[in-house]
Every structure is written in structure tokens, then in C-alpha cells.
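Here the chain labels run A, B and C in written order, and each chain numbers its own residues starting at 1.
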Amino acid sequence: MSEGLVLAGASYRYAGASKPTLRSVDLRLDSGRVVGVVGPNESGKSTLCLVVAGLAPGVIGGRLEGSVGLDGIELNAMRSPDLAQQCGLLFQNSATQLSNMTATVFEEVAFGPCNLKLPPVEVIEVWWALRTVGLEKLASRDPVRLSGGQGQLVALASVLALRPRYLVLDEPTSELDPAGTKLVTEALERIVRETGAGILLVEHKTDVLARIADEVLVLDHGTVALSGPAATVLADPRLAELGVEPPAGVRLERAAKASGLEWSAELAEAVG
Amino acid sequence: MDLLQRWVARQFTTRVIVMMPVAIAINIVLGYTVQSVLKLPIYVDSIGTILVGCVAGPLPGAITGILSNLIWQYAPGIGAGSSIGPFAVTAGVIGFMAGIWGYLGVFRSRPASGLRLIVPAAIAIAIIVLLAARMYTIPQYSDPGMGYPSWVNVAIIGIGAAASISVALFVYLRRDAGGAWVAVAGAVTGIVAAIVSAPIAAVVYGGVTGAGTDVIVAALRQGGADVYNASLGQGLLSDPIDKTITSFVVFLILAGASSRFLARFPLGDRLVRVEASDANDAGATDGN
Amino acid sequence: MTPERPTATSPVVAEAEEAHLPEFVRRIPVGPYRALNPVTKATLAVVAAILAFGVRGWTGPAVVLVVVVSCAWTAGVLRRMAPFALATLPLVASILVVNTFLYPGAHDTIAKLGPLSPTWTGATTALQATLRVVAFGFSAALFALTTPVDDLLVELERRGLGRRGAFVVGSALGAVPSTLERAREVADAQRARGMETEGGLWRRFRGLVPLIGPVLFGALAEVEERTMALEARAFTAPGRRTILRALPDSGRQRAARWLLFVGSVVAVVVTLATPVRLP
């Protein structure tokens, strides 16, 4: 019985599709670690998120081969309310993740715990989730009227409120401007520090991954093409041919070396 | 009783619950936009209702229709001064019927060619012509004592001809025999809707509802028809066209949607031809 | 936790206070008329509709109008009812014109204006219908202005509507303005590409058709993701979910609700089924 969220040889095919979208993927998500996933479009990143969070095939059907397990229990065996408390899932568009049933950010974040019939004295604990993502000052605002970045924070907090051990995020910053991206990235850092959750982060923005990921996987046509520690993978020269842009630090270092300029650890530090 | 409970529960999966508000919004926004821009005697406010009905079932369809009308009536900005609320009954009936058509698989795409295309089209046109002919002969339209002006007969012939031609064209151009059944379903739904609406319009509003259709009501009254017959006459002219157009739009939407999207709905299996390999796929618990 | 019928000092309201929920969550409405339980206000709206349309003659709608206007004045929203009144004008005009000039079977003409012959019967019917429409419109306006929908949904859910019913209504109410917004954006984009919104019927029809597609498909595309987002927030857990807000109710209000509802149904039945006729 292994700890952690483990995919072993997982292959997934959507209902009605002729070919599998994911092929024999091995992945391990541990508490307190951030695993980044990059890859070109149509490489199966979103599908991977659905499989890891247990929504595929549980909610959307399709066929899964191999095993997807949490502490040894297959995710397939769990019902979605229980899954939601183990593994939270976040999408790109903050607007579609709102319940549209709540008038304030506080109630939106409390949506999950209320669904689980927790009494009000326990629901009040969601202040913790609001604090962790940095939303306390906005708790009384109407969730529909927030900016893109703030909306994603609300979605993040509302998933956090269920205290999942793992978080799966499918390109959470792709529709955000740089300010919003910064908000979300900082919130993720706080989450890792303060909750010890294991995070699977799919991102196009390799700069974000350079900052917070411990490990990075490169997905290509549904298989894992590269994997390893973040710094190593993000500096790998094969990234470009796999359709992924390396982070700014890596690109600067290469450009500097190509022009014969000095490159040192301090410079790397300053660039971030 | 348990069977009934399960039948009800099967129609209200999470996906259906999510779809209903979207459909309600489509009804209201498209209906309001079309009516305020075009001011034609058609409503186009049932696309969402029929869509939900044929993918989810009669009950979700009916509730979508009823809620659309009630929310529209009480919606700030667009509801004030409208007369749509009391017609929630009609909307419920339309949604319920759409569910029945869904069960019968009427909205399934049936690509075909040659004889398998022509025969359904011919049958559909025959049914439409029969319906028009039956309408032609109801006392309201044929008895001068009841007071309908003669242009009504011309209108019916015109509508019947236009409908037949449109159905034929649609089926031919899209090579889809399904269009024939959709047309019949739309026409029948329209006639039922008109029959249900007439007493509501007559009793609640005295026949005048403020929509573009009042022109027809006025013209019929000019000919001497009383309040109820004028409403019924107007309804029988507008509703079948409106519901047939709406049904075609829904049919086109379903044809354009991926089978992946449709398969997860309660009536999805009647909308999509299931491939052999999918039959082995893990059944999903849809949050029931 | 079993949700109970909330009364002014019910356990549910007390529980909400005990949990120290922030004020902006509890949002208990104050003020005359507004402080009434939303279900009471909704009952009034329904009763008004029943009486306005169900009781033939002048009495029903007149009574409704008087009651609604006094409630509106008590709640301080009378002035804000004006736009609602104005909005009923097109419908009222239509009713007046069609019925006065084209009432079938009436022969008591007011005057002969060329080919048109307005009748007294027609005019009377028209005015009655107008009164009904105005009374109903005002009662709808009163309800809309004094009752936040969220309050009503909370109370209905406590009384058995269930989380899915509350979701459908609440989400639909939110979806209407956002879909309207999207429709406007699509219309602007189309107009920039040369779609016509003015002009003859055919032009307007041609301009409208390309609008329908994007709006429809845009709305439908979200269904999949919204479904998954709900599942990810344990929406499908069984049973009655926790409702944080609790609005006060009272035995008196409950009695009044029953009385009004039954009374209105009786009034309609009496005027329809018996020879009793009100003016």
C-alpha cells in the first residue's frame, strides 16, 4: 500500500473516441510536492487532470486501463463527494466554476462544506481558505463581479475549503493577465507551505513552473516524454522540439552563453 | 411508486441540472431579442425548452419551459409589461412533448440517400398536407357565420405549401431523413401549443398579448371572430410555424454537437448511434 | 442538523448567530414590509395574480391595485414602481385599441369614425383588461423590488425545494444577464463585420441568424465544465445541505399566508361557479 496519488501505466480513451488520449502514463503525486506538467496542445494535459482527479471515467465515462490509486485505493471506487475531499480540481475559466447560487465570496467558498452538510460552526472555518489565498478583504463581494485573477482565487479557495490532500490545476493562469497570474502563483506557494497539499500543475507558462515546481513532466501525444527535477527538465534542450518554451531564465542563460557573456549564479538568482 | 421515483431521478442528472439554467437563459435572451428586433408573429422562445426535453426527458423539458416563462415575467428590465407569465402552462406542455419526441428518437440524425431519403420526406409532407387540410375545414375557418375572413384559407394553403417545400429542401440538402420526422413533431407540437394557449390568451388577456401576433388577432376580429376564436385562429397560424422552425434549429444543434457531449445525457442513446466499442466502456455514475 | 421551520426566535436563527457568521452573510432584511418573510411576500404576489386575473369584473383587480400600492408605499418603493408602470404602456395601448375598435358582437357604438366604429362594450372590456394587467404588473414590480431572489431561494430550500431546485433557479437568474451580455458582444462583432440591424424585415432576419449560432454554442460549451466544477465541490452529496442564512418567520405570517391563499381561491371559485357577481 503506497502513500500518495499514483498513476501506474494509465491509459484513457474518451467514450466514442477511436484512439486513447493517454498512453501508459506513470505519475506520482506526494504531499507537499508540486509536480508540473507541460506539453504542446492536444498532448493530453487536460485529460491527465481529469484522470488524476478521478472525474474520468467516473463522471464523464470513457475507458481507463492501468491503475489510478490513492493510498492504494482505486479512485474508481470512490463517489465524487468523497473524491472532492481527497483531490480538488481547478479549470482555466473562473466564471464557469462559480456556483451562481451565492451572493458573497464567503458563501461561494463555503459552498463545498455546506454541500457536505457540515454545521455552521464548522463552515465558519472557511476563513482559513480565504486567508491562504489572500481573499479575506474580498469576502463580502459578489463573486460574479471580480476580476479574472480574483475569480480564480475564489475557485481555488472554494476547492481548498474541502481540505483536499491533493490539488490538480489545469492551466489556471492561462486566461489571466500578469497581475492575475502573480496572484494565483503566490497563492499556490502559500498553499504548499501552509497545507502540505500535493499539487499537480499543468501550465504553459514555464516561468511559473520554474518558480514553484519540484518536478516536471513533459507530455507528448499522451505519453510522458521527459520527467525529472524541475531545473533539469526545464533546461533540457529537447523542450523546444517538443513544442514547449523554456522559462525566461533558461533562455537568457543560453543567449548569454551564445554571445560569450559571463553567466553566474547571482545573475540567475536576480532573473528569478 | 418506486418505478416512478426512479424514472424521475433518471431524468435529473447533474448534467441536466446544469443544462437547464443555460437553456432557460437561451429561451429568454433569444426570445426577447427576436421579438424586439423582428416583431414577427413568431416567438422563438422555446429552443432551450425543446432542447432539454429531447436530451433529458419530459419532466426536465416541462420544468425548463415553465421556469423560463416565470423568470422572464419577473426578470428586471425585460419582464415588465410582458404577458408571458401565464403561458407557462403552454411552455410546460411543449417541454413535455419534446421529451416524448426524445424518447421516440425523433431528433436522431438519419443520414440516408435515395429511396430511404425520399420515402420519409414524402410521408412527412403528406402528414403536413393532411394537417393543413384538416385545419382548413374546422368550423372557425370555413363557416362564414363564425366570421373568419377568406384570406385565412389562403394563408393556410400558403403555409402548408411553404412548409412542405422547406421540409423537402431540408431533407434533400442535408441528406438527412431525420428532418422529416422533426418537421412533423414540430407541427404537431405547434398545434397542441395553439390549442392550449388560446383559452389562456382569451381568458387572461382578452386575446391581446402585446406581441407581434396582435395584428393577426385584430384582423381576425375584424372579420367577426369572437375573442376565443380569434386567439385560436392566430395561434394555429403562428405556433406550428414557430415550433417547426424551433425544432429544426434544435435538430441542427444536436447534429452539430459531438457524440461525446450527447452520450452523457439521459436520452443520449436515442440521439446518437452507439458504436459497438462504446458498449464496453465503463458506465459512469452521473451524480445520482 | 435538522433544518426546522424558522420562527422569529427559532433554533436555526440562533444557530446562525452562535456560529458568528459575518453580518454580510446573514443579511436579514429590515424595514416595514421588507422584513416580512420572503415566502409571505411571494404568497402575496401569487394571490395578487389569482385575484387580478381570476375574479371577473372591476373588484378583483381594483382591490389588488389598492393593496399593492399601499404595501409599496409602506415599503418606500412607490416611486421606483414608475418604470414598471411605463413598461406596461405598449401592452395597454394594444389592449385598448384592439378591444375598443374590434370587439366582436358589440353594437353600442360610441361614434362612427369612417370605417371604424368603437363600441362602449369594447371600451369597458378594454378598461377592465387594462386594470387587470396593471394590477398584475404592479404586484410583480412590488415583489421584484422588495424581495431579493436569494432570500426567497433560501427560504424555499429550507421548506423542501432541495439544492438542485435552488441551483436551477439561481443559476438561471444569473445566466440571463450574462447571456444577454454575450449576445450583445456577438451583435457588436457582427455589426463591425457589416451585419444589419436596421432596415427591412429581410435584412433584419438575415442579420439575426448568424447571431443565434455563437450565442447557443457558447452557452452549451460551458455545460461540461460547469458539471465537473459542481461535482468537484461535492454538490452531488445526498441529503439536505447546510443553509447558512436564516430569515425570521412568525406564526402570524404563516396564518396570514394560508388565509390569503385559500381566500383568493375561494373568491375565484365563488365568482365563477355561483350567480354571485361582483361589480
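Criterion: a residue touches a chain if its C-beta (ideal position, glycine included) is under 8 Å from a C-beta of that chain, and two chains touch if they have at least 3 such contacts.
Since the model is a prediction, treat every value here as computed from it, not as a measurement.
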B-C compared against A-B, more contacting pairs = B-C
Average the CA atoms of each chain to get its centre, and name the chain whose centre is farthest from that of subunit B.
-> A
Could you please state the distance in Å, as a whole number, between where the Cα atoms of subunit A are centred and where those of subunit B are centred?
-> 44
Euclidean distance of C-alpha centroids - subunit B vs subunit C, Å | 24
Can you tell me which residues of subunit B touch two or more of the remaining chains?
-> 14, 21, 287
Got the subunit C residues that touch at least 2 other chains?
-> 167, 171, 174-175, 178, 222, 224, 226-227, 230-231, 235-236
Which residues of subunit A are in contact with two or more other chains?
-> 59-60, 79-80, 100
Sort out for me which residues of subunit A touch subunit B in the complex.
-> 14-18, 57-64, 76, 79-80, 100
Complex contacts: residues of subunit C adjacent to subunit B | 49, 53, 83-84, 86-91, 94-95, 98-99, 102-105, 125-126, 129, 132-133, 137, 140-141, 143-144, 164, 167-169, 171-176, 178-180, 183, 197, 201, 204-205, 208, 211-212, 215-217, 219-220, 222-224, 226-227, 230-231, 235-236
What residues of subunit A sit close enough to touch subunit C in their complex?
-> 50, 53, 55, 59-60, 79-81, 84-85, 88-89, 91, 93, 95-97, 99-101, 103-104, 106-107, 110-121, 123-124, 139-140, 144, 155, 158-159, 162
Per the touch rule above, subunit C residues touching subunit A in the complex are 1, 15-16, 18-22, 24-25, 27, 148, 150, 153, 163, 166-167, 170-171, 174-175, 178, 222, 224-237, 239-244
Note: in the complex, subunit B contacts subunit C through residues 12, 14-15, 17-22, 24-26, 28-30, 32-34, 37-38, 40, 47, 63, 67-68, 71, 73-76, 79-83, 85-86, 147, 203-210, 214, 217-218, 221-222, 224-227, 230, 249, 253, 256-257, 261, 287-288
